[in-house]
Structure formats: structure tokens, C-alpha cells
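Some structures are shown below for you to check.
Next come two complexes built around subunit A: one with subunit B, the other with subunit C.
Now for the complex of A and B:
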């Protein structure tokens, strides 16, 4: 039942390293800078994040609320506004028709790549769709400026696209409130993918949905990804979704990427104590062993602890963790972690519960 | 024999909309019955998707919504008979609620210790502020916090998990015998979720509080509940011992719900990943 979500078994051999990944984020720092009563305040929402996303893969991004996931994807999409600004680093896309550096593009060039090359599936389908306009108008509002077809051609293009995603074109006549939550989210996904974008960002697309509907929406995202050969950056805090859908997984904690690897490797052998805890504390049906919560709370990004940001909660913390921020180091093939302890001896990182 | 703690008997709730021309009826809760024993504290879980009527049912148990028909009795007393202010306060001191989003439950402009003090002054004999503080501190200790950590702080200064624990402490101030928790962990981060879930276990085992845990998450339900019911469109489709029901659901809807749960273990079923703890190879 479940395995069908992942059409490529992740136990496959590591994909041959590609010459140019579709997305390269290098040393990205994006801070919220606020000046209040003459005092500068800085919230380091994205702090020195580097990652690469290949063509034709689903990259998962996990982390708690206020760990900087949303700031990171907004920065990647070039959709940031002050007070959030990019302090350092770059976001580069290698699209089929040329490379683009998001923070070197003019606003006009940026809006040209949106929707046709880079699109965004959002969490609340009700707030994406205008409640007083029919769905067909939503399609016209979003997609018409990005396609060459007009009028009747455009309508037939939309209908073809909906049919391809196994949706009834009759939904075009409906108002958003007439559709169920799952259907609305499918429409939003159809809306985001109408131009066959190369890169799709999905921000918690199934969090607001019921469990039964969730799987259908996830398989739809997987199908689209397969059919268009696009890359998906899939953000959710639900580890079970990551386990079933994503090819590679990055874990964020307090504005930093702390671990990254093939999803199966991360679950099978977490190399960061935070990931190890997340995975071992997941409740499972059929497992009655007591699970522990993690002591303490995530740090404030306005005043993060020195050194490794996880050290106040880390059961393995040693002296160096309090002083120096660990770099991301590849410990196993394709599996990176930012942990001093794991870098010294990976066998020390174990599930804590 | 002591009367049961809570008896829900053939309860219906029907919402009607519109007038003569277009009358729409929504049967939100349809003939639901269950009971909680007085001498055996337990975690009783109500599972359902959005629109299944689980929150309406909770509202009726909390006596904030009157049932259209049927009876709900708390310690043998029909909730309809609770009319006077005094009877209402008495009922509220025994039955407390915890809601989904702690940031919505607390006024952002009000210090959170105030909630604890006013609960103590309203529901208990603590009239003076010293006694109320003592009571608040005691309740906070039950959830692993202390008054010193909480005093004078506003909701935005706490994390979601901490704030939810304060909400639970507030509910505990009056020493209730029943807590109705409506999706208490769905807004809480993964690393803090188990702390709150374990707290419910502790309340049941150490303080003898029965808990009605309302959720859509089958995995946490399996972890903490003793008994459960599964609701679909207002009806109870299946109920019984939590482990038995979730291990082998019988009703088609329960089976569908059980199969829809994404499990980490099943993700690599075809491979050597056999489940349980992530294996640490050397």
C-alpha cells in the first residue's frame, strides 16, 4: 500500500553525481534585521546553509517551527522582503535554458522564471484561491501571464493539464468553498504545475489535510515529479511523510542545516543527535516502548547559544560543542552532518529514547 | 456502587441552518454512547477526521453545547441540571479542557501566571494571593515547570510545548477528575510532543485524572490510550481496547484510516529495514 509512493526504491545505488545540480545554495545567510529604538536586532533565520538539489529528485527539508525552514525556502524562491535580507551567499539555479543567480536577477527577470521554471505549492489552499472567484479565474490570474496560449487555447491547455492529473475539468466552474480540502489542495498543485516547472517548492502541502486524503495528494506530487522530471523541495515537519516520499533529506535546527543524506540513510543511521532523537521518539503503531521527549526548548534565533546550537539539549555535548560551531562534513558517502561528536566517532550517535 | 465518572448516552447534536426556504440539517453527532468508570482513571481517545463531530462531542461533554437529544451525566448528574453559577463552577472545577493551539488559548497581552492565579481563586479555597501562588506552583510542578520560571512572562516568551504545559497546569489547579484535551499536540513541535504526551500518562498514573484525548493521529493514540472510539460523520464506527482496535481494525472506515497512516517502518518494507529502532551498524 505505502510503498507505491516511492516508485524508485531508495535502496538503489547512489545516483551518478551530476555535473551541475539544478539548485546550488552556497553559504547562504539570511537575517531579519530590525532597528527598534536605535537598537539593532538580528534574527539569524538562515545561517550558513549550503545544499544542492539534483534534477529529478524530491529533497525533503525537516525541522521544527522557527527552525528557519520557511525563511530558507522563501530565500530560495527569491520571495523575501525586508526585514528579511540576504547577508551572504548565493542561490543559483541551472535551468535547461541557462543558469540564474536569484540574487543577481532584476525583478523583471525574476518574475519571468517564476511559475514557468520555479513554482510554489503552499500550505493553505483556501488562502491561495480567491473565495469569491471561480477556479478558472484563479488559473487565469496565476498562469495566463506565463504561457503563450490565450483565450480558448488557454482553457483547453488548463483542461488538458487537469485531465493529466486525473482531475475533472468541471472543477474549473466551482468556487473554492464547494470543493473539499483535499480537492482544493489538488487544484492548488495543478495550478502550481501548469507550466511544467523544473523546480517545485512544496511548503507543508499536506499538513492541513486529513490522513486519508494526505496519501492521495502525496502520490500526486510524486507522479507529477516523475512525469515532468522536475525537482521538488518538500518541506514538512512530519517525519513519516519524509520517510515515505523524499529521496534525500535535510534536517534543520535553529537556522542551520545539521544533517543531510539519502532519506533511508538518515532514518537508518542518523548522524546527528537531534535527528537520532527525532527518529527514535516517533510513536509507531505496534510499538509500546516508552518514548522520551527532548528536554529544553529550541533556542531563540535572536540570541542563539554559542558553538553548536543544539548543545544545551544534546546528551552527547562535549567541551568543544560549547565553543565552536561544527561545520557540515561528509562522514559517509553522500551523508553530511554538523556534529563534533559524530565527526570524531560516528558510532557514538545513537537513538536516545 | 459509585456512579460512573462520565456517562454519554445516545447523544445527538443536530445543527440547522437557514429558514423556511432552504433548511439544511447537519447531524454532527449521531447516537454516541460511552462511559468512563470512576475508580479507574484512563486515557479515552476519540479518533476522527475533520468534520467527524469529535470537537462537537467535546463541547457537549464540557457542557458548553447542549445536546439535541440524549443525556450526558457526570458522576450521575445530568449536565442539563447545572444551571446556577455555583453548580457551574463546581462542574468546571472537576472537568477541565485543553485546546489545540496554546497561542490561541492565552491572551497575548496577559501574563500567563495570571491565568493560574485566577483559576486557583475561582475554583479552589485559595482566597489569598499567597495561597493561590502556592497552588499554582504545585500545579506547575506536576507538569515539570515551576512558578519561578513562569512568573511575569507573556505567552510569546515561551515555546509551544512549554505553553501547552502551562495550559495543562492551569487545568490541574482545581484538581479535576476529567480533562478533555482537543488535539493537544498537533501544534507542538516534534521534539517537544512526546513530553506533553508523556505528561498525560503521568496524570493518569500518578494523579488519577481521566483524560479524553481527541486526535486524528493514530500513532500517538496507540501510544497513550487505553480505550478508543473511531468516529466518522458523527457516528461511532468502532470502539474498544485501543491496542486491539488499532492492531486489527474491523470496520471498513477504520481499516481505511489505519492503512492511510504513513509509517516510517513501512517505507522500506521491501528492504532489510525491519522496523523498531533505527539500527546502528558499526
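Now for the complex of A and C:
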């Protein structure tokens, strides 16, 4: 795995609490609603998610496929297209030049904060570049409207930015198919970060890359984050990447945030039974015991179980879990979880052997 | 530079392209000769009538006292121009409709496609004849070109729409939307380059189709018969019962020339397909699809 990328801050180094976090998501509900030709379906991809991301922080979001990770960041970025709809809640950014509520902005204002303040490295970044346009045209098409520099100034800005990210400016003349997968991924990240955005959303930027290239891409994101002092919302299902890169970690299960805390705390002392199983499933050096899988599979988001969504698979489930959805409660400093059992007695949730 | 190399390779490895290009060049050369014609195209009885092909009159003369060769140069020029104008106009319409309808989807798509499908099912020929009977003298060459173009875009608009629909769901389109690009910019900067090769190939077929329409209408006299075209020449030959009175050269040479043009354009279209479709290039390299 990716080792020695950087040291993880130890739990006792508590960062000074910030007055206003850069991003505050409050009670966000985003559903896929289809009501057409007799089909009436509601998929609750994001259900009552609240989280805060501070300045200068890498926040990791983990969860299995179809747990609502991509839907959540789409709604955060305001890139919502039907059938996805925001039902409730708010997403507020506190940028350096003022606060913005994403759902109260006009399309024009939303477009103005993109790239310059908020950028989005999309999933499947391999196809983010138009295969029939040269890379320099991709920069001109996507980034030029958001930059004040024009013409030659813009070109030199792009070249400076590429050099800063250790990319050869010659790639500007290339077509996407002439670059390797890792190069394309780096160009995509360069494209998204050209305006030194304050907030970067990265949706699985290392998926489908081998670990060597992954390491390069991750250290690139880390470098950008440190140089610009930006915050990064990093989404991946790869727990090893989270362990190496992120400051704080949120775990999603079936459309809900179930646990959140400093990455090291979550790995060391999971407070939600789902996280406990997730972490025990990771391979460890020297551990030769066969891994036991968790019975069942994630629920359909179109018809989620009542109460806690994890209760049908949870070995610790008690009566109340079947009736009431647990709220997110801070149990240890900076460490929240949505579990009735852990809230009654945190010691009952322990890493599974 | 690279365009020249593509042309060279096509000539070297693609027999259809070489033959098609040669045929089209011959036709173009004949059309180009019209600028050096000693006689104005509309004048009659400038040469002795009904002379069979000879050294002096290589393709003979007509019963109206016109030299068949020089008459043919004007006729093929007008006919070719007609095809090109119709193809260009109808390409513009089919690109606009196809790209916007495929990208926008929803009610825009439904409205545009219902118009499109109307044009697909409408019987073209009776409509053109109807237009002629309504407009009569106002049915000029340019008017016919516009009407034919308005009737000839629907099939290709559907083809382009299908490509645009697939492009709409790709990541770079989402990235473009996220960056705040307008519909027009997305469609014409990001999507147009994808469909251009296909448009290029369908253009050849559209030229063929419109020339076919023009020739058919003129042979029957449903066009402005005073503008010399291939169909117009055949019309006049029929009017003077050229076949019955043995003036075969009046009718044979226009038909031969227009067939050369048809075959030439058709071969160019299919060889373009080979250049555009990478899989057929692979099979030429010995690879399997």
C-alpha cells in the first residue's frame, strides 16, 4: 500500500476549533424521484446528512458502492440534474469573500463560484477530457471563463500551473488518448485546480489506477492542498487511501452518515458496528485468520428498513434500532456516531477480531 | 500537411477512393470548361444542327443547333452546384436539429423529432411536383434548391441526434456543464467535432440524392427548363424526339456524365467511411475488430 506519504496527526493534537467552518451541510436530503409512465419511485440516496469541513483540511468520505457518496458530493457542488432533487437541508460555504448558500444562488452566481472557489474532480476522470479536442482546448473551454487572464497570459498561467504540478507543458498539445491513464488523471486535477480553489471535491480520483500511479496522484493532491491551503473533500471506497491521506473521515452507509471523526480515531476506535466490521475486513500483515463476512447486503435505498438502516445486519441490534433512526451524537471529542448501542455504552462496540 | 498525407495514403491503399476521385475530377474538369465556352449557354442555332460526333464537334450537336459538349459543361456545372447547395443547406439544418435535439432532450427533443419524423414520412416527389404547379414561373433554380434542402435533412438529423445523445452522457459534457458553458458552446465546440466526419460522408450521399431529384424533375419538365442542367438537356432531347430520330449523342452523353458523377461520389462516400471508421483501418492493418 501507499506508505510514508506523510505522518498522520496523532489524536492528541487537537486542532483549534474554527469559528466558521468552510463548508456546513445541514440536514441534507437528496432523493432521486421518478414519477413517469406509472413508475413512482423515490430513492433516498442522501438522507439527513449533516457535516462540517474546516479550512485547510482533507475530509475523507468512505462507503461502499451505492451508499450515496457521489450523490452527496453532487448536491454539495450544486451539480444537480433531475431525477436527483434536493428535498431538504442546506449547503453553505464560507469563502474568503463571503458566505454562499448553494441552493439560494442563481445559476449565474453558482457558475461564478465554480472553479475559482469550488472545483470538482469528477468520477471517471479518464473521460472528463474530450477525446477529439487537444488538452489546451480543454483548458480554454472549461477554465478560461473563470480566469481573468486572457490570450497569451492564460496560456502562460496554464503552463506555470502545469510546471508547478511537475507536468510537462508539452501535454497541452496532446490529445487525451496520447496520454497514459495516470497522466490524464493529473491533467484533470491540474484542470480543476488552476484557479487555486478554496474547496476541492475529489470523487474517486484514484480508482482504476495502480498503486504507483495512485501514490503520485495522492501526493499531488496533498501538495496542492498544502500550497493553496484549500480544503479537500476526498471520496473513495479505498480505506488504505483514507488512512494515508485524510485528516477526518466520514463513513456512509445506505445514504446516511453513520460515523465521523479524526481518521486515526475512526481506525483505532470505531464507534459504529458497521465501521468496526469495515475496518476489521482490511488485511493486516501477519494476520492469517480467515476474514468473516457480514451477513446480508446493503438495503435498497428505494425501500430502506425502518429505524437504523444497519439493524438487519447488525450483530448488536437492540429493540430501539428497529424503531428509531439514531441521531448523530458526539461520543468522544470530535468523534460522532449514529448508533443507539454506542450512545448507551461506547465500550460495546469493539473492533471485530 | 497531415491532410495531404491522409489523401496520399487513401490514394495508395484505397482503390475505391482513387477511382472515385478520378471520376469526380473528370466531371469537375468538364464543369470547369464551361468558363471557356465559345457560345452563351442559352443561345440556339449557333452551330449546324444534328451533326454526329466528329473532330469538329466531339460530342455532336443538338437539333436546336447547340454544341453538345459545351452545353454539357454548363449543364453539369449547374447540376453539381445544385447538389452542393442543397447538401450544404440541409447539412446546416440537420446539424442544428440533430445536435440540439440530442443534447437538450425532453420537450425540445420531442418537438424537433416530431417535425423531423414528419419530413421523414412525407412523400418528397409529389410534394416537389405540387410546388412546381403552385409556383410555376417562380420555381427558379435557387428556389428549387431551397425547397429540396428543406425536404432533405431529416434522415441525417436523426443520425446526428443519436450521436449527440450518447455524447450528452459522457463525463466531459458534465464537466462542461459544471464549468458553466452555454448550450450553444457545448454543442458546437465539444460535440460538433465528433459528428463532422459522419456529416462529411453523408454529404456525398446527399449530393447524389439531390442531383437525382433535380434530374428526375427536369426530365419531366417540372423545373425551370431554361437553366441548362443535365435533366434539362434530357428534357429538350425528349422534346425533339432525339432517340426516335437517331440523335443518340444528345441523350447519351448527359446520362453518361451524370452516372460518372453518381458513381464517383458514391465511391468517395464509402472510402471516407473507411477512413473514418477505425475498425476498418485496423482490418487493413491485418488486425481483427
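Here is the rule we use: the second predicted complex is superposed on the first by the 336 of 353 C-alpha atoms of A that agree within 3 Å, B and C clash if a C-alpha of one lies under 4 Å from a C-alpha of the other, contacts with A are read in each partner's own complex, and residues count from 1 in each chain.
Keep this in mind: a contact is a pair of C-beta atoms (placed from the backbone, for glycine too) under 8 Å apart; a residue touches a chain by one contact, two chains touch by 3 or more.
Nothing here was measured: the structure is a model prediction, and the numbers come from that model.
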Which partner does A:293 reach: the first (subunit B), the second (subunit C), both, or neither? first
Identify the partner contact of A:143: answer first if only subunit B is touched, second if only subunit C is, both if each is, neither if none is. second
In the superposed arrangement, does subunit B or subunit C reach more residues of subunit A? B
Is A:211 touching the first partner subunit B, the second partner subunit C, both, or neither of them? first
For A:79 in the superposed arrangement: first (subunit B), second (subunit C), both or neither? second
Determine, under the contact definition given at the top, whether A:243 touches first (subunit B), second (subunit C), both, or neither. first
Between subunit B (first) and subunit C (second), which does A:89 come into contact with in this model arrangement: first, second, both, or neither? neither
In the superposed arrangement, does A:312 touch subunit B (first), subunit C (second), both or neither? neither
Just checking: does A:128 make contact with subunit B only, subunit C only, both, or neither of them? Give me first, second, both or neither. second
Residue ranges of subunit A in contact with subunit C within the complex: 77, 79, 111, 114-115, 120, 122-130, 132-133, 137-138, 141-143, 145-146
Enumerate the contact residues on subunit B facing subunit A in the complex. 49-50, 158-162, 189-198, 216, 218-220, 222-223, 243, 246-247, 256-271, 273, 275-282
Would you mind writing out the residues of subunit C in touch with subunit A in their complex? 170-172, 174-181, 185, 189-190, 193-194
Which of the residues in subunit A come into contact with subunit B in the complex? 1-3, 6, 9-11, 64-65, 181, 210-212, 214-215, 218, 237-241, 243-244, 264, 267-270, 274, 276-288, 290-294, 297-298, 313, 347, 349-351, 353
